[in-house]
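Labels A, B, C and D are assigned to the chains in the order they are written; within every chain, residues are numbered from 1.
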Amino acid sequence: MSSRFPSRARHRLRAHGAAWLCVALALVFAAGCERETRRFDPKPVPSDLRTQPQSLPDLQPGQPGPGMRETASAGRYDEKSAYEVAQGKMLFRWYNCSGCHAQGGGNMGPALMDTSWIYGSDPDSVFSTIMDGRPRGMPSFRGRIPEAQVWELVAYVRSMSGLIPNEAAPNRDEGLGGAPPESMRKPQPPKDSDAKVGG
Amino acid sequence: MKAHAIAPALLAALASPAAWPQAAHDALQPAGPQAAHIASLWWLAVAICAVVFVAILAALAWALWRAPRAQASTPPEISPPPAAERRHARGVAIALGVCIVLLVVILVGSISTDRALASLPLQDAVHIDLTGHQWWWEATYDDPQPDRIFHTANELHVPVGRPVIVTLHSDDVIHSFWVPSLDGKKDLIPGRTAQIEFRADRPGDYRGQCAEYCGLQHAFMALDVIAMPPGEYAAWAEAQRRPAADPADPQARRGRDLFLSGTCMMCHAILGTTASARSAPDLTHVASRARIAAGRLANTPENLAAWIHDPQAIKPGANMPANLLAPDDLHAVVAYLETLR
Amino acid sequence: MSRRREATPASVPAVRRGDALDVANLPSYGFSHRSLMWWGTAGMMAIEGVAFGFMVVIYFYFRALDPGWPRGGTGGPDLFWGSLNAVLIVVSAIPNTVAEKAAMNRDLPKVRMGLVGLSLVSLGLCVVRWMEFTRLNVGFDESAYGSTVWTLLGLHTFNLVTDVADTLVLTVLMYKGPLEGKRFVDIAENSGYWDFIVLTWLPIYAVIYWAPKF
Amino acid sequence: MSAPRETLRDGDGPGSRAAETLAMTWRTPKGIVGWLSNIDHKSTGKRFIVTAFAFFLAAAFLAALMRTQLVVPDNHFVGPDLYNQLFTMHGTTMMFLFAVPMMQGMSLYFVPLMVGTRNTAFPRMSASAYWIYLVGGLTLYAGFLCNTGADAGWFAYVPLAGPQYGIGKRSDFWNVLVNFSEAMGLMVAVDLATVILKMRAPGMSLRRMPIFAWATLVTSIMIIFAMPTVMLGANLVQLDRMLGTHFFNPGAGGDVILWQHLFWFFGHPEVYFIFIPGLAFISSIIPTFARRPMFGHDAVVLSLISTGFLSFGLWVHHMFATNVPDVGKSFFTAMSLMIAIPTAVQIFCWIATLATGRIQWRPPLLYVLAFFFILVLGGLSGLLLGSVPIDLQVHDSYFVVAHLHYVLIGGAVFPLFGAFYYWFPKITGRMMDERIAKWTFWIMFIGFNVTFFPMHILGLHGMPRRIYTYAAQSGWGTLNLVATVGAFIMGWSVLLFVANVLAGLWRGKPAGENPWGAGTLEWSVPSPPPPYNFVRIPVVSSREPLWSREEGAPTHVSGLSAQTREGLVTTVIDALPDVRYGYPRPTIWPFFAALAVSLWLDWSIFSTQGFVWGLIPPAIAFIGWFWPREKATAEALALEKAP
C-alpha cells in the first residue's frame, strides 16, 4: 500500500496479521456455523414406527417405549442451531401447545419456564414426553408430529427455561408482549423429579 | 410408485412445459383497466424519455464532432469568447426549459393516472381477504351471509368484468401482492391493513408473485388469478363452499384416514372432516386448483406425491415437513386429495 | 488578489513579502468559529441533534399511530426527578459559562473554579438521571411507548455521561498540565458542548415528562 | 524577521533548507507501529481506496455467483439460504463497504491537495475511521464465512430482520456493520467538511473552489444529516432483538413501516453520496480534456447543492406500495421528477464545455462519455420509477435492479474508473497503459449493457427481485442467460483493469507533475506528492491556479514553521489567512481507539453485557488519544501567539 513502508516489516506484519486472522476466524467459525445451520432436509430415518401404531397401554410413563431408539445424541437434535429452535417455537404455536401450557407459564398443563421438570429436563426425556405422552393429560404425538419436528420442539421447550445457549434461543416475538424473550432467560437449574415419578 | 422413483419423476414433471400452462404476467399486456391505465402512462413516459435520450446523445456527438483535437500541452482557453459563451448559455437554458416542460407532462400524466386508478367503479364488487404467510397465500371470500364465506389458497378466481376488492393482511413478514397483468403492487404489512382494487376484463390465467422479499422461499410464493365468465365463476364459488365429500373409493378412504390420523391434519384443514388447522393451506378443494405449493408445481398426482414425500427438495426451507409414508400409504393420501375437487 | 483581500480579520494581518504572504505573526489558536475544533464539535452536535430529533419524531409517530397510547404507561413518568434534573442542568450553565468566559481570557484560576463547579453539578446530574430511570413508570420491554422513552432518555444520558467524563478529564488536565493556549480552546469547546446538552434536555424533558399529560 | 524565537520558517522553494526540514518534520513514521500510527491523509485515503476496491471485488464475486445461479431456470448451484446471504452481502458491501468509503477515500486523498493544505483538519479521526471501517468490513465477512452472513437484504426490512424472523445472529452482524460503517462515514465527513470550509489556501474563496471540493462538501453535510437516522434505526432494531423492546412490534404499539422511513431517509440520500462525487469526477475530468474551464461553473455548483437538498425529499418513493396517502405520493412524485433538473443542468453544461473546447482523446474522457449513455438511461428509468403508477408496476422487480445499476454504475463506477485513470499518475507517479485502458473500457461498457439492459424487460415481464431461482415456464430464462453472459464479460474487464493497475505500478511511464495539463492545485506538486504536500502553501487567485493567476498577486505563503507540522486556517467565505494551526502528530492511539470501539461493537453482537462493559476500553483509548504530550506542548508553546 505505502511504498515508503519497509518491505521486510510489511511482510512480517502480513504474516502476523494473517496468522491472527486465521485464529480469530477459526474461533468464530466454530461458534458461528453451529448456530446458523439451516437444515432443510432432515430426511426421515427409515423407521417402521409411523405405519405401525404403537400399543400405548404397554408404555410406562417415563420409560422408553418399545422400538423407540431416538436419542438426542443420535444426531437429530441440535439445540445450538437457532433455526431449529425458532422452528420449534413456530411449531409450539402451530400445534397449539400453548393451548395447555400457555406461553410456557402453564395453565391446564404445567409451566415450562420454571425449574421443575416432572418427567426430566434432558432432551431425551422431553422427546419421549412429547412422543409418548404422560399421565394426567399430556397426549402422545407419535405419528402426529414428525420426529425431526419433535426434536425442534424439544429444543424450544428447553429454551423456555434458559437451558440452551442464549445465542441460539429465540428473541422476543412479534405480538403482545409477555414473558421476557427466551434469549434473555437465565438458566433455571432443573430440579428433576422424574426418578420419583418414573420409578 | 416407489419412493426412490419419485425424484426422477419430479424432475421430469418440473422440466415439462405442460406442467405450468402459460400464465400471463406482463405489465405491458394489460387485462384490466388498472394495468391498462398504467401501461398507457408507461408508453407516454417512455416516448418522452426516448426522445430526451436520443437528443442528449445527439448533442454529445455533435459536441465531440465539432470540437478540435488537442494534447496535454495545448494551452487551455482561459477566457472563451463571451459572445459564444452567451450563445451556448442560451442553448443550455432552452434545453433546460424543454426538459422542465417534459417533466411537467410526466407529472400531470402521473397524477391523472393516479386519479384514474382511484376511480375504478366498485359497485357489485367481489370482496376477498388475502393473508400472506411465509410462503403462501390464504384467501377468504367474504360474503354478507357467514355460511357462504369460504377459504382457498394460492389461487383467486374472479369474475370477468366485476371489480374485485382485495383486503391485504400479513401473518408474519411483509409481502407484496403483484399481478402485473391486472394492477400494480400493494404490500401486505403486519399490523396494518391495505386494500387493492382491480378488474379483469378478459378471461384468463394471470400469474402473480410476492414482490417483497420475504425470506427463504420468496422465489416461489406465487399466486394465480383466474378470471372466468360470471356464470363459471358463480359455479366455481358454489363448489368451493361445499364441504369435502366422503370418498367412495377404498384407497381414497384409506388415504383420508391416514390424513386424519397422521401429521397432515396438524396443519391443514379439510372442511367436512376433523381437520381444521389453519397453519397451512386449506385443502378442502385442493384438487380443483391448477398448481400446488404456491404455484411451484402443476397439480398432478405425481407432483403431489413428490411434494408430500419431500417438500424440502422442492422448496428448501418451506414449512412443510418431509413425510415418510410407505409408498402405498402415499398413494392412498394422494388418491384422497385427488377426490377433493 | 486585490489589496483589500489581503487584510485579515486577525489582529496582526498576514503581510506581503515579495511574492509571499507572510503569516508568521498570525495567532496560533483562535476561539469560536476560528478554531477547527469548533467546527468538529458543531459536526458532532449536528449528528447527535439529528438522532435526538428523530427519536422525538418517533415518539409522536407512535403516538399518532396507536389508539392505545401510551400502552403500559399510566399518566407518564413522575415529574419530580426529571424536573429536578431540568433545574439542576440550567444551574449547571452558571459554572459552565464561568469556565467558558475565563478560558477565553486565559484566566486559569477561574477556569479551574468553573470546571470544578461544573464537575460537581454534573456528577449530581448523573445521580438524578439514575433516579429518573427508576421513575419512568414503564418498562422498556412493555410497549413501544416504554421503549421510546427509555431510549430517548438513554440517548441523552449517553451524551451527558460522555461530556461529564470529558469535563472531569479537562479538570484534571487544568491542574496537572501540560498546558498551552490551545487547551483553553478545548475548555471553550467543552462548554459549548455542555450548552448543547443543556439545550437539548429542555425539549426532551418536555416530551418525556409533559407530552403524556396532553 | 518578526519570528519571536529561532524557528525555521517555510517559504523557500524546493531544495532549500526549509524544504529539507519540512521533509524531516513530515516524514512517515517507520516500522509496524509507525505504519499503524500514520495519519497522513494520503495514506489514509489510499488505504480507503485499496480496501474499498477489495470489497468491490468481493461483492463483484458474489454477484458472479448470483448470476451463475440465475443462468438457467430451476438451478441448484446455490440454495435459497446461501442466495439470500449472497444478495444481502452484495448490496451491503457495495453500498456500505465500497461506494461510500471509496468516495470518501478519494476525497481524503485529493481534497487537501486541491485546496492547498498539508493534511486534513482531524487526520487522527480519519485514520481511526479507516481502522473502524476495516474491522467492520472484516466482521461482516467473518460472519459470512461462518454462515452468519446477513440475509434480510441490504435494506433489512423488519420484521424479516427483526427479533422473531431474523433468526440467529445474521441480522445482528448487519446492524453492527451499520454502526461501523456509519461511524466511519460520519467521522470522515466531519473531517472533510472542516478542511473544505476552514483550510483552503489563501485566496481560494468559495467561488474559486474546485467543483470536486464542492461536491465533497455537499456530500459530507448530507452524510452528517442522513447517516444518523440509519444508525439510530439499526440500533433500535438491535434493541428489539437484544433486549426485547417493541419499536417494530405492531402488537405492542410499534410499527414496521417506521423502519422503512428511517432507512430510506438515509437510503435515498445515500445514493447521492455516491452519485455526487461521481458527478464531480466528471466535472474534474471534462475541463482538463476539453482544455477550458468548466462552462457554467456556478450553475454546476448550484446544481450540486440543490441535488443535495432535494435528495432528502425523495425517500418515500421507495415506499409507494405501502399505504402512503395520495397527497404525499404526488409530492414525492414531483420531488422525484424535480431532482432530474439539476442533473440535466450539469449534463448540458458538460456538453457545452466539450462543444466549445479542444478535446484530448484520453482514457479518462472515454469513461466520462460512457456516463452520458448509461447514466442518462438510468436517470430516465428513474423518472419512470418516480411516477407512482408506473412505480407500482415495476417496483421490486428486475426493472429496479436494472435502473439502480444503470444509475450507480453509470453515475458512479464509470466516472470512478475514469477518475482512477485520471489520478493514478498523481497517486503513484506512473501512467497506466492507455491501450489496455481502452480495451477495458469497451469490454466493460458492452458487458455492462448486456448484463443490465435485459433486466428492464424481465421486470416488466413480472420477474421480482431477490428470487433465488425461477421456473422454466416463467419465460425468463433467455434474458437471464444473456444477463449472466454480460456479467462475466464485465467481470473480465475488471480483471483487466486490475492487471493494468499492477502493470502501471510495476513499469508504467513516469508521469511527472501534470501529465494531462490540468488546472487544479493537486497537479502542482510532485507525483506522488511528498508527505507535506506543498513545500510552500500556494496563494490562489483564480479557479484554475495552474492555468492562470492574477498579475501581481502573491504566489505563496511563508512564515509557517518548518520544524513542526504547522498549517493555516483561513476564513470560510473568502479564505483569508486567519490562524496558524498545529496539525496533530502521528500516534498509535487512533488505531487503539478504533480497536476498542470495534471490540465493543463486536462484543455487543453476542452479549448485552458487552454492550455496557465494552464501553470502557473506548473511553480509555479516547482519553489516551486526547491527553496532551509534554514534547508537543513545549513545541506548541514555542510557536504560541495568543489571538
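The criterion applied here is as follows: contacts are C-beta pairs under 8 Å (C-beta built on N, C-alpha and C of every residue); 3 or more make two chains touch, one makes a residue touch a chain.
Since the model is a prediction, treat every value here as computed from it, not as a measurement.
Enquirer: What chain lies closest to the overall centre, CA atoms only?
Expert: Of all chains shown, the one whose C-alpha centre lies nearest the global C-alpha mean is D.
Enquirer: Given the two chain pairs A-D and B-D, which is bridged by the higher number of C-beta pairs in contact?
Expert: B-D
Enquirer: Of the other chains, whose C-alpha centre is the longest way from the centre of chain B?
Expert: Greatest centre separation from chain B goes to chain C.
Enquirer: For chain A and chain D, let me know how many angstrom lie between their CA-based centres, rounded off.
Expert: For chain A versus chain D, the centre distance works out to 44 Å.
Enquirer: With chain centres defined as C-alpha means, what is the inter-centre distance between chain B and chain D in Å?
Expert: Here the centre of chain D sits 38 Å away from the centre of chain B.
Enquirer: Report the inter-centroid distance (CA atoms only) between chain C and chain D in whole Å.
Expert: 30
Enquirer: From the C-alpha centre of chain B to that of chain C, how far is it in Å?
Expert: 53
Enquirer: Multi-chain contacts in chain A: which residues touch at least two other chains?
Expert: 38, 40, 172, 174, 177, 180 - these are the residues of chain A that touch more than one other chain.
Enquirer: Show the residues in chain B shared as contacts by 2 or more other chains, in ascending order.
Expert: 172, 190, 216, 316-317
Enquirer: Which parts of chain D, given as residue numbers and ranges, touch two or more other chains?
Expert: Residue numbers touching two or more other chains: 79, 81, 159, 165, 240, 243-244, 246, 249-252, 255.
Enquirer: If we count contacts the way the header does, which residues on chain A are in touch with chain B in the complex?
Expert: The contact residues of chain A facing chain B are 38, 40-44, 46-47, 50-51, 87, 90, 94-95, 143-146, 148-149, 174.
Enquirer: What residues on chain B touch chain A, complex-wise?
Expert: So the residues of chain B in touch with chain A come to 172, 190, 216, 261-263, 266-267, 277, 279, 310, 312-313, 316-317, 319, 321-326, 329.
Enquirer: Which of the residues in chain D come into contact with chain A in the complex?
Expert: Residue positions touching the partner: 28, 30-32, 35, 38, 43, 46-47, 50, 79, 81, 138, 142-143, 145-148, 159, 162-165, 167-170, 240-244, 246, 249-252, 528, 606, 608.
Enquirer: Give the list of chain B residues in touch with chain D in this complex.
Expert: 14-15, 17, 19-22, 25-28, 35, 37-38, 41-42, 45-46, 49, 52-53, 56-57, 59-60, 62-64, 66-78, 80, 84-85, 88-89, 91-92, 95-96, 99-100, 103, 106-107, 109-111, 113-114, 117-118, 134, 172-174, 176, 178, 180, 183-187, 189-192, 194, 207, 209-220, 296, 316-317
Enquirer: Looking at the complex, which residues from chain D come into contact with chain C?
Expert: 1-3, 9, 11, 121-122, 125, 186, 189-191, 193-194, 197-199, 202-203, 224-225, 227-229, 231-232, 236, 239-240, 243-247, 249, 252-255, 258, 262, 536, 539, 541, 550, 553-560, 568-569, 571-572, 574, 576-582, 619, 623, 626-630, 633-634, 636-637, 639-643
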